[in-house]
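Here come two complexes built around subunit A, the first alongside subunit B, the second alongside subunit C.
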Partner chain A sequence: MSTLALAFDLVARWEVLLAITLAAVFGLFVGAIPGLTATLAVAVLVPITFHLDPIAAVGAMVSCSAMAIFAGDIPAFLLRIPGTPASAAYADEGYKMTLRGEAEKALGASLLFSAVGGLFGTAVLMLAAPSLAEVALKFSSFEYFWLALLGLTSAAFVSAGDPLKGLASLLIGLSASTIGMENPIGTPRFNFGSIELLGGVNFIAALIGLFAVAEILRYALKPSNNPHSVPQTSVGNPFRAWGKMLKTYWRNQIRGNILGVVVGALPGAGADIAAWMAYSISRRFSKQKEKYGTGHVEGIIESTSANNAALGSAWVPALVFGVPGDSITAIVIGVLFVHGMNPGPTLFLINPENIYAVFLIFIVANILLVVLGWGAIAVSKRILIIPRRLLMPVILAFCVTGAFAGNNNTFDIGVMLCFGILGFLMEENGIPVAPCILGLLLGEVLESNFITSMLKADGDLFAFFSRPISAGLGILTLIIWLFPLIRTVQALRVRRQKTA
Partner chain B sequence: MGIVKLLSAAAIAAATMTGTAFAEYPEQTITIIVPWSAGGGTDAAARTIGTILERDLGQKVSVINRTGGSGVVGHSAIAAAKPDGYTLGLITSEINMMHWMGLTELTHEAYAPLAMMNEDPAGVHVAATSPWNDLGAMVEDIRANPGKFKGTGTGIGGSWHLALAGLLNELDISADALPWIPSKGAATGLLDIVAGGAHVAPVSLPEAAALAEAGKLKTLAIMSNQRAENFPDVPTVEQAIGVPWSQGVWRGMVVPKGVDEAIVEKLSAAMEKIYKDPEYADFMQKRGFGLRYMGSAEFGEFLGEEDASMGVVLKAIGLAKQ
Partner chain C sequence: MRAIKIFWEEAMRVTDRTLGLVFVIAALIMGFMATRLPGGAPGNYGPDVFPILLSIFAILTGIGLIVRNSANQGTLKPLVRRVRLDWVRGAAVIASPIYAIVAMPTFGYSLTIFPVLVLLMAVFRCRLIIILPVAALCTIAIKYAFINVLSVPLPTATFLPF
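Moving on, here comes the complex of A and B:
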């Protein structure tokens, strides 16, 4: 108890609270701009945190990243341009709601379930960090291989419509992910002598291209298509609407939270993958499958619950073993070192008030998220009033900035434009872009974990079933794959019996 | 030639004695290019150097990350910058590897070295459950059972890979005796050691500290001439097996070749001042980065020697393209 009191004392200082609030506002802005990711927001904060107290420094990073992940949903829903990769899974769903005049409902749901997910992640971090970290240690390349394969399988559920076109999109993404030398053997592939392509296709630039630039191209060619004339309905008292959603969708929320916490705690997976998997799981088990892809709030709730929960649990391996759970905690570990809070089991034993203060900040940040987030929704909704012919050039400017900002490299602007044209052509031909993003995200993960597993096992394929967690994940994947086949065979048999 | 030398010597003397001859430099913003991404270790080091340089020279210093191409893009950008003394770069060990591997034509000769600012020696880490309790037992086991054990901790041909492959090469153990499992960074490799997927990870000591403290890892040796201040119990390779061997990852400040001698002189003096600044030492200590300094001339010599020895190791393990 005295530890908690000490921790409270560390947090309840004006400089700490000011740092948290300013970082939160900063995170909201950065996250809401297409192409500027939560990771980038945190990276920009690093030099500033050197001059802050340890608790204020860590607090700033916590609140900044939580806001940025939520804020990524704002342009995703209003303009169909995901602000961060974690929002890409359900951008289309939210945008369809906006087209029906339900932008406030969609964003409100995202805000509430982001905050609840964040609190859930924090609770797990506080109560179970050391034991969850032990589980995460059991994951090696064998387990990550199956996890990546499960993630890719979710593409089948994410893409509405023709599964063949979904598969085509996935393969485009997977092919693009083979470019460069970020492969297990470190040999340059398909870079055609270009130094810039050695590092592979810049994921963020490709994401902006596929969604944002393609959208701008579509508008430029068919300006008549102006969905913004749809009158937006207000949800009135947000708390009443939230109460109703919690009552209807609490199953999705819990399932999303748990999935997010587990995937987030694994050092090889993060909030992005958690959001994709959550979306496909909610679709698979929903009673209203047919509504998915038409602007249905259920999938949004489950995946936004997952990505914010993942954010908290990514700190688990980072704090306990100094192993980053995602790209944000990789940066955080450096800052912890600078402030003398070296990650490791002793962090919880020596001066534990420091780490409890960080936990308290997680809670404060998620409450702050509701307040600031609601304000941000109210302001950003006005974007819909701005005529598209004025808005689109501004968005293009932001896209160029976003593509450039990641690496300070003009080449990435070209990558963005190429993927913009690609995304435009794909959608014109009824090929969804979402599976392509998933392919880009997971292609390298799948390949490197397969190759390293095979190197370890001297080429024995059964090694993928020789470890308990790996075997479990493998069997699960195979069942999911074989399930449609079994169903088809059964249906054929029934039909044959009827005709007989 | 003689006149040029004399003139530049006079210029340096004037600059160092009175400080008036080159009072103009620096008169505009100085840029430090970092070939690795924002938020990482090299970035943090560059920003700390930048902050102190800004204070010492009284001119704004901005740090720019030019990432991509596994470091090739940024290293090339430093070499291609206008040699006016306003673009500096923080180069890393990779400069002496990538040209051997055929990724670029660029070598360390494209730069005028200012100073080495840090080096992290490689450690030899194994799982806590490993039967090896000292380095001698490990290398003899690898020699006796070629191909049975695996190493990890970085990509194939990465610094840590070459550190251990070089040591084995020095001991006349074939490179094939310890197959390499490529990993994304040190943390992933260490986790694989703990999970039992591989047997030894030659990464830096601070990177392994948290897992070692948690009782998951043990460190058999450090590839350095002396023990590390923060890890006094870990013997050097020479203390462990009687063979001198030091290898690590280093970072150093450079300017593109062709910068005025006097400016190079002034900047290397500034780097020495930064290295001795308590703020720098304090930062490096906290981040767990190893301190090692070399002045301009010494760093230049080091670059040449290391380049040659990297070539030998890369050829031995079959990764060199030439």
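Moving on, here comes the complex of A and C:
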């Protein structure tokens, strides 16, 4: 009997399929709640997986994480509250489509391209796992520094309409990320004596504040600007709309998938960074740049393709070398050890049917995503029928609970409120909040890799360009930095000539 | 043909010059605070390096905003649209999380969130007949979801036996 047939036998058992389905429903539920991440959903599942057999346990975690990542898009699009950090990259795009009555189209696109992205990531996982993992492990602090800076640069200069204000937003996020003890000598920094701030700013609380609380404040302060409720138009048969979207945006989908797979395979990078980078690249190369930020489905397609593809490829270093690609695979590695499936090269040699069973589970989970995801969209879009004056207080209650639930302390509710007010003021002044979120997320990665690289190179800045991949990433980043500067100087020169 | 640009300036909007000035001042404060941080790291790359670099970039960004504002002066005439702000509703939204911070450890989750929902719904002018049942139902549903389904413990009132 071939390995694949043995693997199929392992998966096609009722207890495995039941575990996958129930975990998928749970993932949808958790991902759709603001403040609760895909990582939390998987972490909550851990005690249950101890009672399952290894394949059912891994299956439950795979399907739960895939669903949670997609489900994060539902509150992001309907209420402008990203369920997960990965959804934050294109939350505004989806929300503006909802305000135009196109929630079904936005969510349908997210669902389809999430599933296709997930399947692409699985295919890469099956075909190229060992070789991709080898490349990923060659990344040193120099490459990670440039990768983080490239992600931040893209968010500030490319995805934001006004590069200068995008940079301002990014610097606000990076500055907030310096709070706490995550620094070279682990000394308290900018915590103003607060014990709660020693661990840094709670990212989830900040995320909820910047998006959700800012939106509630806008609704409260400007009643004349807000509709009573948001009427929606139906796109009819979703499969027909999908066919059209696939035909129109197949380039975006492929580009997003490839980017997602590459970024996801890098240890520590993951789906969040992949989504942000994909959105920036999509905007940069789009023929309809002006439509970005106004509710354009193209940005959603590329980002959502990337984040679900990254989910599959994050398992590459985890399975091949036992190095987690993101926080979810870090938890999964622990569960694999408990079940005696020690990650590493031996996993492919001893009982290879187990690893093929994991690949099959990925395929099942992504097919299940379409079925359950569509059901979730059909149910959740009814939220929009509810009058906003009734909905907004309930969302605030959810936000308060979600911010509290992260660390079980009320301090994070304060963090949420501060970032909510900050987000409101930023947006009122044309400063986009998205780069700020990415700055907060990547600040620590950027600083630690910068300091490590400086120590390695003994202060020699040219060392940042001494390795081929590092040099490539560095040059690309510098080009993006210089481009708006050149454009601004040119614009000023043209204006002066006209006035003279 | 010269394009005509119309800028909407709403109630909370400040000019790029003010924004840039705020940025420069905040960056200077951050840079100064960073220089006071203890050193002692190998190779002199301590906790002060990154914040100082950030403050330099922030100062440059602030100057960029100020310069752009000056360069644009005279060429762009903003069309000001003043939006009337409902401060009572805004204050209610800001007060709700503050109340939750203060009250939740003592009154517990339900006795904190229920009044918050009632207050906000009342301020947002919902009908009184639906405020109480909706607020009660939502409080119970959120509490049940977090405690029973997600295994997230929420605080209970310190003065109640249950």
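Just so it is clear, the second predicted complex is superposed on the first by the 468 of 500 C-alpha atoms of A that agree within 3 Å, B and C clash if a C-alpha of one lies under 4 Å from a C-alpha of the other, contacts with A are read in each partner's own complex, and residues count from 1 in each chain.
Here is the rule we go by: contacts are C-beta pairs under 8 Å (C-beta built on N, C-alpha and C of every residue); 3 or more make two chains touch, one makes a residue touch a chain.
Computed from a prediction, not measured in an experiment: that's the story for all the values here.
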Fit or clash - subunit C, subunit B, common subunit A: fit
Partner chain in contact with A:I258 - subunit B first, subunit C second, else both or neither: neither
Subunit B versus subunit C as contact partner of A:A471, first or second or both or neither: neither
Partner chain(s) touched by A:L4 [first = subunit B, second = subunit C, both, neither]: neither
After the two structures are overlaid on chain A, angle v-u-w for subunit B, subunit A, subunit C in degrees (C-alpha centres, nearest 10): 90
First, second, both or neither for A:A128, with subunit B first and subunit C second: neither
Which superposed partner A:I185 touches (first subunit B, second subunit C, both, neither): both
Partner chain(s) touched by A:A397 [first = subunit B, second = subunit C, both, neither]: second
A:L246 touches, of subunit B and subunit C: first, second, both or neither? neither
First, second, both or neither for A:I363, with subunit B first and subunit C second: neither
Partner chain(s) touched by A:S175 [first = subunit B, second = subunit C, both, neither]: second
Nearest-approach distance, in Å, of subunit C Cα atoms to those of subunit B in the combined model: 7
Subunit A positions touched by subunit B in one structure and by subunit C in the second: 40, 44, 184-185, 408, 411, 451, 455
Partner subunit A, residues of subunit C touching it in the complex: 10-14, 19, 23, 30, 33, 37-38, 40-43, 45-47, 49-51, 54, 57-58, 61-62, 64-65, 68, 71, 75, 83-87, 89-90, 92-94, 96-98, 100-101, 104-105, 109, 113, 116-117, 120-121, 123-126, 130, 134-135, 138-139, 142, 145-146, 149-154
Residue numbers on subunit A that touch subunit B, as the complex places them: 39-40, 42-44, 46-47, 50, 137-142, 181-182, 184-186, 188, 195-199, 202, 267-268, 320-324, 330-331, 334, 337-340, 342-346, 406-409, 411-412, 448, 451-452, 455-456
Residue ranges of subunit B in contact with subunit A within the complex: 37-41, 43-44, 47-48, 51, 64-70, 72-73, 76, 101, 103-104, 150, 155-158, 179, 181-184, 187-188, 190-192, 194-198, 206-207, 209-211, 213-214, 216, 283, 286-288
Complex interface listing, subunit A residues touching subunit C: 29-30, 33, 36, 40, 44, 164-165, 167-168, 171, 174-175, 178, 183-185, 187, 189-190, 213, 216-217, 220-225, 387, 389-390, 392-394, 396-398, 400-401, 404-405, 408, 410-411, 413-414, 416-417, 420-421, 424-425, 428-431, 446-447, 450-451, 454-455, 458-459, 488, 492, 495, 499
